[in-house]
Amino acid sequence: MVVCVAVVGHQNNPLYLQSFTEADDALKLHHVVHCSLDVIDERVNNPKRNSPALNETFLGLLYPTENYKVYGYLTNTKAKFIMVTTDLDVKDADARNFFRKFHAAYVDAVSNPFHVPGKKIASRSFSARVSTIVRSFSSGTTA
Amino acid sequence: MASAAIYSLFIINKSGGLIYYKDYGSAGRTDTNDSLRLASLWHSMHAISQQLSPTPGCAGIDLLQADNFDLHCFQSLTGTKFFAVCETGAQNIEVLLKVIYELYTDFVLKNPFYEMEMPIRCELFDLNLAQVIQKDRVALLGR
Amino acid sequence: MPPPTAPKSGDALFASVERVNAELFTLTYGAIVRQLLTDLEEVEEVNKQLDQMGYNIGTRLVDEFLAKSNVSRCADFKETADVIAKLGFKMFLGVTATVTNWDAEGTSCSFVLEDNPLVDFVELPDTCQGLQYCNVLSGVIRGALEMVSMKTEVTWVRDMLRGDDAYEMRVKLTKQVPEEYPYKDDD
Amino acid sequence: MGREVAESCVDGVVMEMVAAYCGRFYASKPELAARRIEAIGFQVGHQLTERYTMERPRFSDHLEAIKFICKDFWSELFKKQIDNLKTNHRGTFVLQDNHFRWLTRVSIDPSVESIDANENDSTSLGDSAAQTTSMLLYFPCGIIRGALTNLGIACSVTADMSNLPACSFVVRIKT
Amino acid sequence: MEDYPEELRTPPLTLVSIVGCSELHPSISAALSSQQPPMNTLALPDFSKASILARSAKTRDPLAPPQAPAGILKKDWLLKHRTRVPAAVAAMFRADQVSGDPAQWLQACSDLENLKSVIQGRNTKLVVILVQAQAGDELSEDVTVALRKRAEIDSKHLVVLVERDESEWTKSLNKLKSIFTELCSTYYKDEGRRIKARIEKRNFSSVELSIRYCFKVAVYAEFRRDWPEALKFYEEGIRVLREMIGTSTRLPPTQRLVEVKAIAEQIHFKISTLLLHAGKVVEAITWFRKHIRSYERVVGSPEVAFLHWEWFSRQFLVFGELIETTSTTVPDTLSPRFGTADNALTEWEFQPAYYYQLAANYLREKRYALEFSSSSVNITDGVNGIPESVMPSVYVGQYVRLFEQGDTVAVLPLSDTEYTSYALSEAERFQDSYEIIALFRKAYESFQSLGAMRMASACSGGMAIEYYAAGDFSNAKQLFDGVAGLYRQEGWATLLWENLGYLRECARKLNSLKDFISYSLEMAALPLFSGSGQGNSENKSKNGPAGSPTISSRENIHQEVVNILEGKHAPEITDDGFNLHLVEESTHLDIDQISPLRIVLVACVAFHDQSVKPSSPMLVSVSLQSHLPSPVTIDKLEVQFNQSDCNFVIVSSQEDYSTSNVHDGAVQVTSLTLFTDKWMRLTHEVKPGQSGKLECLAVKATISKHLVVCCQAESPASMEDFPLWKFEDQLETLPTKDTVLAFSGQKLIQVEEPDAQVDVVLNCTGPALVGELFTLPVAIFSKGHAVHSGELKINLVDAKGGGLLMSPREAEESESHHVELLGVSALTTEKGSKEEVDNIKKIQQSFGVVSVPTLCAGDSWSCKLEIKWHQAKSVMLYVSLGYSLESIEEAALHRLNVHRSLQIEGKIPMTVGHQFLRPFRREPLLLSKIRSSSGDDKKSSLALNDSNMLIVSARNCTEVPLRLHKMAIEPDVDGKQLCSVQQISGISNEYAVLAPSEEYKGIFSVNPQIISSNFRLGEICLSWSRDSSLGQSQDNCVIMKERLPEVHIEESPLVVTMECPPYVILGIPFTFHVKIYNSTSLLQEIKYSLVDSQNFVFSGAHNHAAFILPKTEHIVSHKLVPLGSGSQQLPRITVTSVRYSAALTPPSSAATVFVYPSEPKFSSEKGYSAPDACIS
């Protein structure tokens, strides 16, 4: 299941972070997400990997840690999406699909005229949409 | 003979002011002042005609036939009057007037520099109008 | 005399006009509202301005509407309302409103919109509840009607942004200006 | 979502917005009005890029981004592409639209122009018209800047409308 | 890894044994171990020792029905096979031993027998070595054969070593090696095959055995360096092992797990090493993942969870070390698209740091688990204490308890509880923190080197937490501080919160109040991250001492600080000796633009004007904002400027401050309460003292008496948004009400110079006249303030530009100045002290500086400028007064300046003209005239010895009346005697006043005595002065000279004089004489003619000619009768000299006469005396 999703701004500041666990490892998840930014930097800035094929928004598994797997996604507008799951084997396609939906939700959220770019996403409808996406993902993969 | 279907075209704003006048080679060219006066006179007559009507809900004169010319008048629901002086028996002038009305909405009302109710000075309007009249003449020649 | 061509159906009408991406419209309007909020600060003032803008737009838009939808003069306010709901909204926003809640003397009714392109993506922040986001629409209606010599008051009754189930604006016909004699300057 | 509305809506709103800012709020100080209008455009551009870049890989360089603006972005907005793109390869790009949609309805009062020709005291009229046109153009300028900024390209955008309805936008990338 | 036994860590080496001939052993074993692959040698000096090769006592034959084994693997098994169970044994005999002496032969045989019997149990291979002295001495065939028979080996297993001969020796040794190698491989193959057979036949009683067998087969394969096979069986083994966890019941669950994991660890290690050494990094990592995944969930019962975590952590540590030692690199074949379908691995998994970090994490898990267990188990401690004499059993991962009664020692199994308490006691003997720190540090360093800042700081955060746990607070604080920086910068509020939570406690423990307060305040002011916070804050071990961030916890922290400051002790912090409550002196916090505490309090100061005059009031807005969760009441607010006299203090009304301790600055009492996120806007009036820059430096807020927060003032214009809060989705409020100020307000303004309250007056009277000493009074009136060390600069500049007031060519000579400043004379109105005049500092022709005496307010001072015009020029006069307000130096720095300027025209006072006249009715014939009529030299010519008239006119061309004191002709030095000039009419009383544009004429008679073609008459000399009513007289009257042009003096050959009465009466005839005098010494013929005139009739011829003798006079007379009255033209006469062919007619003026109608009655003679006067 997905335990945490996050949106990270281009200054590497968290814009949205929601954990979906009962256990109070919210803090730990913050750490996990924050550390994953290093991998994103590594993947994106690594000189040898600027062939267009590698410019796709989906960054794949960033790193496994403890019993989490951290997946990443980087939009054209330098917004980073991060998804933390405890599923053992996640299919690439599922992850991609998840992020595609998530991205759509994000885009609508920032299209709210009252959302100020670079600020945290406080939209309720966004979080609602996200949690449905998360649920569908969990069900999708476990099924 | 068919070459000059329309002698002249007037546009009058809702308060009777002439906001557009164009002459297409009628014999007795009227100068600006005359045309202004004519316009407001026509405006009044038009109003009177409504009063004269035996039945309520009359929209006023829309065709005035003289021995050597017809005067077609079209009044938009917003009170702007378009009327054309043309040769006797000239056909579907009212369609033409409608078209002109559309041109008016497109190129006059959508021109940010045009102030409502003011005389029309829009080259684009002139341009398109000329084309329409031209087309109309061609049509007349065609028949 | 009957209009040379019969009035078009709403869909035909919408199909006939030039159309653009709704997002552009929605976002532009949103941006304007936000900018107004920052510049005018007072929410009430913003509402006023939006209405004013709407009015100005309406005064120009109505002619285009009349010209392109060959509607003939409406018998009464009821008919006018229907035309607006079925043709007006459709022609410009691509959605239709329903007219309901007529009062006894038929001078005030409600336009109800389930769908409203103006508010896609919009979510009112807590700080500016009280903002009549869609005021531009009511302004347009008011302006347009005034051009066809109907003085009206338009107010919002329901607003989905406020959690209502639909958008409902109340249109009240205050007075119908008759065609008066224009004997002014010349005599 | 292929949702659409009548072009008149956008025209009307934009026109009225410009009128409101230049006429009502900041009539006295056009430069303030300009900034506001540009800001509105900026937000729109910013949000539109979010939408329109959704399904595509990241741009690897500036040129790619600019091309995106010229092609997909433009045609999303105006159903046509930028007609001509020039660059000096040192961070300046010129995007020319030979028939810029938002200027097709604009015709500056010919009489004023003619007056301009022979009479100089009425030039104020003429360039006020020109000024208002440029006010109209602050909006698309803002859109372009917003779009590019959101793609991580800080730049300044100006418009040149020497021959209507053709119009060219000059993008200067801040380095 | 290093605590693994050697035999586990290194790949196994084949073992052979040699018996006998001990003296040769060293060289042989050396040779064997030196070969590739090396071979270990178990050297037995003599056959008696061979017994150790024998199987251990309790050897059973393997075919007997086996009872369930007590464990999976014997500890010593590996070791045994590497040190005590040779694959082959070589019996060494000396050649001479076996040949010849039968006794020895027998001995050899028996030894061989023994050996055979010893190794008979296992199928250890036998080799016989015969040692020969040298190749030379032959060795009887039958002996070797016999030996072979005895040893039951085929011929090639009997090796002959040749001792003495080097080449032979090595040759034979190589033979031996190859034989050994061959034998070994067969040996291990056989062994392996034997056991594999069992696996394949599945004839084993229990899972344990199958695992054991797999292990053994794998090991044997390793002996043979058959890695694939080894790998295969290890993996098989570990698979079975994983399965048995659920099934096996041999041991109580806990110990079972322990054993299984122990085995798993070993086997996994084997696999990893095999893979890594084979350079199969990707496989190794993948395998490791698999390994981890299959055991991560197998924690066992909670009270022994710590065992699991310890073991788990060790897995990571060991694998990390392996990765590190076998320096692995990402293979190029791998797709760069890490973490995607075409490459499941990720970058970090190739980095040992990654594993160290996780090892550390898990070790910390262990620590938590341990704390948990020890806390929970201790309760049951009383029941059964820690069992003594527990020791590892012979089986890997098993523990037993030695039980001795008397001399019998029994080994008893342990119950899980016993084991648990044992393990617990063992675990508690260690302090894990430092282990964890070490791991984190390793990870930290290599992440640092990889440029993975966040990973690194996560690690150092981990270290810090361990230090904190270990009670090393200063280290902890230092590390936490470092990490906090990153979180602040990237706005990770929640992480920062945790961090600060620790820091706060560190500060508390280190008893540093200031830190404690600042950390606490920062925490309290942190934005809450939406989505976080609902986590229950019980588990402090996970969330840090601060618990999870919630609005309430923020408020508590804030409150706590307030309590401490106000000395009230909040109950929750009485626990430790944190004696904050007795703080007497206040604590100071400084907040600048970069301080993290900006979110606690920011001060924004804006002057309402861009610039201001000194000592004129001006408003300044001070706006404060705080993000602290609860309202902050400020006791006292001090606003400090660089001009200290502007400082002011605002004291809250709540605080009953004894206003005594509030110093000079303005005191304003209002309510000073800061509400969360709201700007507190104060406006105050300041009066800047001096000019120059006025900047607000800081705003000091005293909060609850003991905390003084000193905020560096910020300009709203250049105020950058708040750290952390800038990401909050809340609309910013402006520091000041009016937006203009909010966007453009500055905390720094320029105070202008005070405007001069001194007036400088130049009252100029009209234009200056060339030549006069033009005096121009300058008056200085000090209206407002005193004038100190004043200085008056005077500068004359040509009004037509071109600055220089001298004609360029003769710039150097000072005379040539067209206008010059002669001097300045001070005349102070009240005390006429003259000495000021002297201290004129500098005077040039066009520039001067005068020092002005000190003037107190109201005084005035004035002086005169004396300027002289040499030419008519218009001049700009610039006068600038520079002075300072005080005489003190620092004040003298900025001086005030008053500038005045005036344009003055220089006018020529008079224009002088002149003209020559003949005597009345007398006309000399001047030949030059006649000639010159053609030529054009304007030179006027005079007749010699004849009194010529000279009329000089002086016209006043100014607007003012002038006095003409004197008009004279000054002849040139030589000219004096040659030509007499005397004034005929002059200035009557001592001067003549000339009104503007009035003209004065002076008449002179000029009587030249010599003939000269160009004679200098000299110059006209005028002396004039202004006709000013107040009579400053002669002294300043100006002489002006003008040279007369040269004249031409000649002698006239003929002189015509006309004579007629002064007047005539109508009708009365009179005579009219014309006298022609011939002054030459020649006879002159002349003609003359008289023309009729209608006014006269006359008698006599009209024309006439005559000869005149030298020096004689010829007279022609006519009688005339006038016909008309009035001034009449006499008949015109023309005299023509034949000789000179020159005609001469007297000018009409000379030929008129007045005709009275009748005899006039003259009252006085004056009427015509005046004209008479003219004629001499």
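Note that the chains are named A, B, C, D and E in the order they appear, and that numbering of residues resets to 1 at the start of each chain.
Methods note: contacts are C-beta pairs under 8 Å (C-beta built on N, C-alpha and C of every residue); 3 or more make two chains touch, one makes a residue touch a chain.
Just so you know, these numbers come straight off a predicted model, no measurement behind them.
Chemist: Figure out the least number of contact steps between subunit A and subunit B, where 1 means they touch directly.
Modeler: Graph distance in the chain contact network comes out at 2.
Chemist: Counting one step per pair of touching chains, how far is subunit C from subunit B at the shortest?
Modeler: 1
Chemist: Taking each chain's centre as the mean of its CA atoms, which one is farthest from the centre of subunit C?
Modeler: Greatest centre separation from subunit C goes to chain E.
Chemist: Looking at every pair of chains, which has the largest contact count?
Modeler: Ranked by contacting C-beta pairs, first place goes to A-E.
Chemist: Would you mind checking which chain's mean C-alpha position lies nearest the centre of all protein C-alpha atoms?
Modeler: E
Chemist: Express in whole angstrom the distance between the two chain centres, defined as the mean CA positions of subunit B and subunit D.
Modeler: 36
Chemist: Which integer distance in Å separates the CA centroid of subunit A from that of subunit C?
Modeler: Computed value for the inter-centroid distance: 42 Å.
Chemist: So which stretches of subunit C touch two or more other chains?
Modeler: Counting only residues that touch two or more other chains, subunit C contributes 23, 27, 29-31, 34, 60, 64, 120, 125.
Chemist: Out of subunit D, which residues touch more than one other chain, so two or more?
Modeler: 8, 15, 19, 43, 47, 51
Chemist: Check each residue of subunit B and list the ones that touch at least two other chains.
Modeler: 106, 110 - these are the residues of subunit B that touch more than one other chain.
Chemist: Considering the complex alone, what residue numbers of subunit A touch subunit D?
Modeler: 10, 50, 52, 55-57, 74-78, 103-104, 106-107, 110-111, 113, 117
Chemist: Which of the residues in subunit C end up touching subunit D in this complex?
Modeler: 14, 17-25, 27-32, 34-35, 39-40, 49, 52-53, 56-57, 60-61, 64, 91-94, 117, 120, 136
Chemist: For subunit C, which residues are in contact with subunit B within the complex?
Modeler: It is residues 1, 4-5, 59-60, 62-64, 66-68, 70-71, 73, 75, 147-149, 179-186 of subunit C that touch subunit B.
Chemist: Enumerate the contact residues on subunit A facing subunit E in the complex.
Modeler: 9, 11-19, 24-28, 30-31, 34-35, 37-39, 42-43, 46, 48-49, 53-54, 58-67, 71-72, 88, 92, 115-116, 118-122, 127
Chemist: Inside the complex, what are the residues of subunit B that reach subunit C?
Modeler: Subunit B reaches subunit C through residues 15-16, 37, 40-41, 43-44, 47-48, 50-51, 57, 59, 62, 76-80, 92, 94-95, 98, 101-102, 104-106, 109-110, 116.
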